[in-house]
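In what follows, chain A forms one complex with chain B and a second complex with chain C.
Then we have the complex of A and B:
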């Protein structure tokens, strides 16, 4: 087999044993890699219905088809477990050197079973697997843990995926981090913490065989050249942070816990301001010719010297969404998240829920008592110091941080039960996952894409904002096109998440980002890597299969139509300012769009998958278990 | 023929490349967004090849205009005729992050 080793490594933490599973070429053709293969491994190895923190919930890593080859932006891997945030599939992606090292070590995937009695660092040294005591690494941040492991092993080529203090403390929205990149959103760090798994380290020294090296080299050269041109200049110059002002001008920038979509301090926390006042340099993941991450530093005040990479989603969540227009505080908050291994989106949206809960008088300063502030503090919108202190309490699960470290669904449930309040109405979550940085009240297609997302409302798993924002449809109105658009955009995204390729390359094949513009080149890349004969329609199938296995996982875990929902605020509480003021997605509109969407997917009215459909997609065993 | 005045607002790389947050442009009645693109290309040559196609007539895909933050003009809507006082916001939209 070209492009793959054909081998999945299984590791049992409790028994301290390992074994190798060989997969057929047909299996790889169905599940490919990334989030699709990781979810399939989870499907095969989990005990259905298990507690996400139980030893029965495996950690599943699936490499990318292009990792370690010259294919630009192909150095990525998928990570899947049952999410402690949602109780459904938790599938994440991360990029850079870890995936390349794993590929060179000869493993297409890794499944980690059970739980360890003591803290452990698994060292995959090509075929040799070592269980190393990780006690000395406890308390270290994510970046520091990677460095400490390299030092311990006296090899600067060892790459590690790690958890920080947040994962150790089982903050429900903790991340796994490698090479400064985050496998975020769905609480992998907490799952690793529940297994006392501090890190997975890899040294890979083998070559990677591809079917047609000449074609791979030529295509990669052409794409790399194109990636230096106008299709990526916006990423290279300002990165994703440019979206702050874009979305503010459209009235879609989440402000003060999504109460509004226009922030009066947007200029001060914009990508443009960051570029002019805080930029240190722009950095790239391994195997990436674009380089979009804006390394930014605090130059004055109490957090001087704080430096981390800034993306739009982290920036909106911890800036405008908290009413904070002090970029120093925003950088500090994101730095706490990155070093502690916390999802910066959920952290910001949880902090904003706490601020609104304080301003509405449900929380008082007393609720925020801690060692640093024995009398507590005012958790008001705009108070950067209060946000920083609360973020540190979340990381350490101390004081109010213990409640907030479970995210807004659980925190609001506990508070409402205890105090007889309705704070759940401003908990910006669906399925237990906090919302992303596009206000869906002014984006009807995106509101559908958010509601039906298999891992919760996610900007990366659905690209349903594209037709809204690009003027393809009227973003304020619901019509019969939205079901098919939501289907097409989520399956389009699933292709990139399965190979995986970073979506920022999507205009560099032919200049057009749509299927016609991208699929022919992607098929050529797959064929040159594997020797297969994939055609245009096979690329579509990659996306449909990837999304289907995720949905199937959720169905087996008890998903029901009612789970495809939106936060209360997006359905009942319109914004009062800006171009998107006055709009919500009503329950009637949402249910109508869900009908359209399930129909477009070929599912039943209740959103279940027919057996016939699963068999057509090459998943007969899945059909047997959850097909209707 | 009557003249109208519109405001073109820049954000993201268009602001970096022009060094401006926005400019006023005068249009003859009946002139379209395509005419706005042409005028921008002439005033700010740096935009040509980065945001405006080399022909100076159209926007490179993924760059588009919003009218007053509400209506978003699809890349095929270059025939749209702005009204006096309109704000045309030039957006270079990104996905992900």
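Then we have the complex of A and C:
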């Protein structure tokens, strides 16, 4: 078998033992890698219904087919556990060296069971597994932890996935970080923290062989060169931050906790401004010829010298969404998130909930008392220093940070119970996960995509905003096309998340990003790597299967139709300004679109998956357990 | 004393352009060993911090210290190209050359126990594969003199036209 070693490494933290599981080629053909394989490993190894923080919730790492080969942007891995944010599948992706090292160490996947008594760093040294004491690493930030491990092991090719202080403190939306990239959103850092797992380090020294190296080299060379042209210029020059002004123009830039979709200070926190005033260098993940990470530095004021990579989602959440137009504060906030190992989107949207709650008089300065400010402070929109201080409190789970470090669903629930208020109405979350940087009130297809997301509302797992923004459909109206569009866009994304390939390469195969433009080349790449004979339809199936196993996981954890929902504000509280003013997605519209979507997926009206469908997809054991 | 590097061509990397993708390492290891493995690449990317990134391969020093250091007389330097050649029958993998190299450009192949050097793909028609593949044109086959010329030109342009705008 090419492209895979056929081996999954199991590690038990409590017993301190390891074992190897061999998987069949057929299994790999169904689950491939990335988020799909990670979710499948989670399906096989979790105790259904368990508490996400219990030892029964495994950490599942799944590599990609192309990791360690020259196939552009193929250096990515998937990470899955039951999410402490949602109680459903928490599937994340992260790029760069970690996946490549793991591939060269000879492992297609790693499943970490149980919980450790003492803080541990697992060192996967090719075939040898070592449980190393991690006490010395405690308190170190994510980047510092990686460096410290490299120094300790005296090898700069050792790559680590780590948690920072936020994960150690079990901030519910803590990330796992590797090589400056984040496996974000669903709280992996907190799960690792619950296991006293500080880091997984890998040294892989074995070479990687593919079935047809001539084809891989030729295709990779052409794609690498194509990726220097107009198809990626958006990513290479400004990175994703170019979205700030584009979305502001459409009235979709979340502003002040999604009260509005236009921000008067947008110019000052735009990608263009960031590039001209703060850019130090644009860098790449391993195996990526595009390079989109805008390394940005603060040059004046109290946070001078702070430097981190800035992307749109982190920028919207901690800039316009907080009413902050001071780029220095935005960079500082994102730096706190990255170094502490916190999901910057959820952090920003939780801070904005706190700001609105303060401005509506539910919180007072008293609530923000801390060591630095014994009298508390004014948690107002636009107050960068207040946001920075609160972010640090979240990281340390101190003062108000204790409440906020559980995210907006739990925080608003506690406050409303305690004070008889309705702050949940401006908690911008669904399934317990905070919303992403596209206001769905002006994007009907994306409203549906967000509501049905298996890990909660997510811009990465569905590109349902695309047909809305590209004008393929009327973005302000619902119609019978939306069910199929939501299915198509989420399964398209799932193909990339499963191989995995970074989506930024999608136009570089033929110039067209749609299925017809991308699938034939992707099939060629898979076949030349593995020796398989995948056809166009098989690529579609990768996406459908990946999405199905995630959904199946959720169903087994008790998912119900009512869980596919939107935040109250998106359903009831229209914006007052800009081109998207006046619109909401009503319950009637949402339920209608959900009907269309479940039908397009071939599911029941209640959103459950028929046995027949699961068997067709090659998942008979899943059919057995949750099929109807 | 740092070795003199004044005469021969070598693979140079412009740290302003290098993005740290390591594609050079994949291509090198494949070209030389038929497998993708950065541990067996003869060019190495070096990431000092998030933004200080470059790549290093054999600098073809004059009077190369590695050749002088080799106790087995296994190394020789091509007088025309400066490329270091290794006699596999003599090399015993002692790694003295690795220690002698000021640039850290020599690695020991753990399987064959032989030292490995960048040979600028002298057997390849298209020349060095890493230069060919580098997505950002950060790599070039150059001499110290050519590099100095380039620096002088850049310096003049900078003085006349102002500091270089960041890429594109």
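Quick note on the criterion: the second predicted complex is superposed on the first by the 628 of 628 C-alpha atoms of A that agree within 3 Å, B and C clash if a C-alpha of one lies under 4 Å from a C-alpha of the other, contacts with A are read in each partner's own complex, and residues count from 1 in each chain.
Going forward, a contact is a pair of C-beta atoms (placed from the backbone, for glycine too) under 8 Å apart; a residue touches a chain by one contact, two chains touch by 3 or more.
As the structure is a prediction and not an experimental result, all values here were calculated from the model.
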item: When chain B and chain C are modelled together on chain A, clash or fit; value: fit
item: Chain B versus chain C as contact partner of A:121, first or second or both or neither; value: neither
item: Chain B versus chain C as contact partner of A:511, first or second or both or neither; value: first
item: Chain B versus chain C as contact partner of A:224, first or second or both or neither; value: second
item: Chain B versus chain C as contact partner of A:284, first or second or both or neither; value: second
item: Where the C-alpha centre of chain A sits as vertex, the angle toward chain B and chain C in the overlay (nearest 10 degrees); value: 80
item: Touching partner for A:470 - first (chain B), second (chain C), both, neither; value: first
item: Chain B versus chain C as contact partner of A:249, first or second or both or neither; value: first
item: Touched partner set for A:275, first chain B, second chain C, both or neither; value: both
item: Touched partner set for A:312, first chain B, second chain C, both or neither; value: first
item: Touching partner for A:237 - first (chain B), second (chain C), both, neither; value: both
item: Lowest inter-chain C-alpha distance for chain C and chain B in the superposed arrangement, angstrom; value: 9
item: Doubly contacted chain A residues - partners chain C and chain B; value: 233, 237, 275
item: Footprint of chain B on chain A - complex, ascending; value: 230-231, 233-235, 237-243, 245-246, 249-251, 270-272, 275, 311-313, 437, 459-460, 463, 465-466, 468-472, 475, 503-504, 507, 511-513, 578-579
item: For the chain C and chain A complex, residues of the former touching the latter; value: 16, 19-23, 26-27, 29-30, 33-40, 50-51, 53, 110, 133, 135-136, 166-168
item: Touching residues (chain side chain B, partner chain A) in the complex; value: 9, 11-13, 15-16, 49-51, 60-62, 64, 66, 68-75, 77, 89, 91-97
item: List of chain A residues in touch with chain C within their complex; value: 68-70, 97, 100, 104, 143, 157, 180, 205-210, 213, 217, 221, 224-225, 227-228, 233, 236-237, 275, 279-291, 295, 307, 309
